[in-house]
Amino acid sequence: MSESTGPGASYPQQRDHLHARMRDLVQAAPGPMQGFATLHQKAVATGVLDANTKELMALAISVASRCDGCIAFHTHDALRAGATDAEIFETLGVAVLMGGGPAAIYATHVLEAVRQFQERPATPA
Amino acid sequence: MSESTGPGASYPQQRDHLHARMRDLVQAAPGPMQGFATLHQKAVATGVLDANTKELMALAISVASRCDGCIAFHTHDALRAGATDAEIFETLGVAVLMGGGPAAIYATHVLEAVRQFQERPATPA
Amino acid sequence: MSESTGPGASYPQQRDHLHARMRDLVQAAPGPMQGFATLHQKAVATGVLDANTKELMALAISVASRCDGCIAFHTHDALRAGATDAEIFETLGVAVLMGGGPAAIYATHVLEAVRQFQERPATPA
Amino acid sequence: MSESTGPGASYPQQRDHLHARMRDLVQAAPGPMQGFATLHQKAVATGVLDANTKELMALAISVASRCDGCIAFHTHDALRAGATDAEIFETLGVAVLMGGGPAAIYATHVLEAVRQFQERPATPA
Amino acid sequence: MSESTGPGASYPQQRDHLHARMRDLVQAAPGPMQGFATLHQKAVATGVLDANTKELMALAISVASRCDGCIAFHTHDALRAGATDAEIFETLGVAVLMGGGPAAIYATHVLEAVRQFQERPATPA
Amino acid sequence: MSESTGPGASYPQQRDHLHARMRDLVQAAPGPMQGFATLHQKAVATGVLDANTKELMALAISVASRCDGCIAFHTHDALRAGATDAEIFETLGVAVLMGGGPAAIYATHVLEAVRQFQERPATPA
């Protein structure tokens, strides 16, 4: 009821809240969301690129798309897939290249999310 | 003064706050906003498509555009125009098709907004 | 090989070209695209909203998202689902409301696409 | 019938084509477009900021929004309002700051549009 | 730790928070952010257009891009560069023209930011 | 002079054209573009992530951002950095996850770009 988005928000709380709400969305729109779940699962599964790299790509797009909820999800999932701080920082550089000033703003959100998830061990999916 | 955006925020409060601020914007930029008001009124007026359908379209674009304030406004207006939960849920499916992961995040915001507006009867415009 | 996007382009050619290329994409990324195909099929299937309405929603988002290839696909699919000119025109009004000047530009592309598809009977999917 | 968008396209032809198509859009959606016309006219009219400055702002947003048709319109209108090359170049710097790599791509389109409009005297509105 | 984004948030707090976080980003990604810092500084420096005008352009793009953190930064920087209320209001008109409904929402955020920064004297950079 | 964007366009021609125009942009806006050049060079340089991975990230954002010129540049640069077809195809899956239908359209453009660059050996930068 009380978490909020943006600087100062708790990304772990936001992630858990969205994770629960995503289940409501699956109930509300089961057909499309079944397709989306497959798309999600297959897109980030290890293949010739490993899951870590794919989660960093998803995080880069989250930043360039200015989507805080996406940052909550994909920072969590990138860390869980084994991404290091240094890998995340270089990913932010690419996002700023492709998104300019607004991406720089949202890149700072990722820094906060990383810190917060590291203070609170990531929840199993 | 104290509402915030995103998951957990009260969309009815956010909508009322924005509605009041929109009047300030009309005072600040009366010429352009007079044109915008006409655009708004005519675009969602019942024609060959009814207002309900048009508000659902506006809501779909709000989700695909990742705009929480728009979600507050157009969830309110869609419900007032008679949109049912089931119609809103199918609208979210189209938004996720056209907006991917970020739209799935903002689709969960609409679910929260629907619940909140139904707990608090919608205000007349 | 020679069609291009934007004003003056043939949207039926563009649609057929993209339709063929989409099959290549399914081959290139079969896992994710199988999920996307389900998402697509379920999101626009007739439910409490009919397919026509859902295609118009997808078209509205295509315009607000400034995506010419999407306009080629969803103008085609909206017409095939039975959308009338008048319904499409009102849909464009909503898109301009939610997308401003850039949406007005892409709304003119839809007018061209409608004319072109009506001159050339739509292809079965 | 044969002009196209993007690098190499003729922006004067594109602008004239869109200008004509915009009249079709006004006929197709007269209510919303009447509002949009007022919004357009009032937003760029000289006030405490002159029309030149406002057109440069519209051009900056066109670049950051990756909208070639908008570039055709607002480069034309900025030049007609008296914008100099140097003013346009500085405007592109702001657009690249706020839009990153994609804005750099579309900034090069503005350079082409400027050259083309200067080779062909701008048409009265 | 407790500020949030959107209507009701304190933009001065948000700006100060982001300003501090931006220094973290420079440490995290020094190479890219050194380039970004030069891009930022040169893009808004007085040239044939003065800094005030350039900040208003950046603010217009912030609104059209629906970026609250950008609104916090560029409202602050526009005021510091000497922008008047009337200039900001006309800038919002251009942003609404180019961004439609979502830009109208974020334009109301700028009105709040202006009020808040004027109640609290702007911090030196 | 005659290449165009979108399906059917030659991405190698488009890339070479843009590469030349980018030099014009550096002359037009030398201060900001000097910063942008550093941002570009540092963001994609090999670090803890190799250049290949970073170019794939930039390509994923190009697709999610619906930017054809970016696709021309970053497909070229990803191939030059050693990206394989299979890596690019998996990157497109992530882009479709994060961008939905419009990303699927632009993902097909990448398939065309890959084919075209492989038919014509990539030019040294």
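Odds and ends about this structure:
Going by the order they are written in, the chains are A, B, C, D, E and F; count residues from 1 in each one.
The rule is short, and it goes like this: a residue touches a chain if its C-beta (ideal position, glycine included) is under 8 Å from a C-beta of that chain, and two chains touch if they have at least 3 such contacts.
Worth saying up front: this structure is predicted, and the values here are computed from it rather than measured.
Of the two chain pairs examined here, B-E and A-C, the one linked by more C-beta pairs in contact is B-E. Note that among the pairs C-F, A-E or D-E, D-E reproduces the B-C interface, with over half of its contact pairs the same by residue number. Centre-to-centre separation between subunit E and subunit F, using Cα means, comes to 29 Å.
Remark: subunit B and subunit F have CA centroids separated by 36 Å (rounded to whole angstrom).
Measuring from the averaged C-alpha position of subunit A to that of subunit F gives a distance of 24 Å. Chain contacts: subunit F has residues 4-6, 9, 31-32, 36, 39-40, 42-43, 58, 62, 64-66, 70, 90, 93-94, 96-99, 101-102 touching two or more partner chains.
By the touch criterion stated above, subunit A contacts subunit C in their complex at residues 31-32, 34-43, 45.
Remark: subunit E residues 39-40, 42-44, 47-49, 53-54, 56-58, 60-62, 64-65, 70, 84, 86-87, 90-91, 93-99 touch subunit D in the complex.
Residues 64, 96-103 of subunit F are the ones touching subunit B in the complex.
Within the complex formed with subunit F, the subunit D residues making contact are 4-9, 66, 68, 85, 89-90, 92-94, 96-97, 101-102, 104-108, 111-112. Touching subunit B in their complex are the following residues of subunit A: 1-6, 9, 14, 17-18, 21-22, 24-25, 28-29, 31-33, 36, 40, 58, 62, 65-70, 73.
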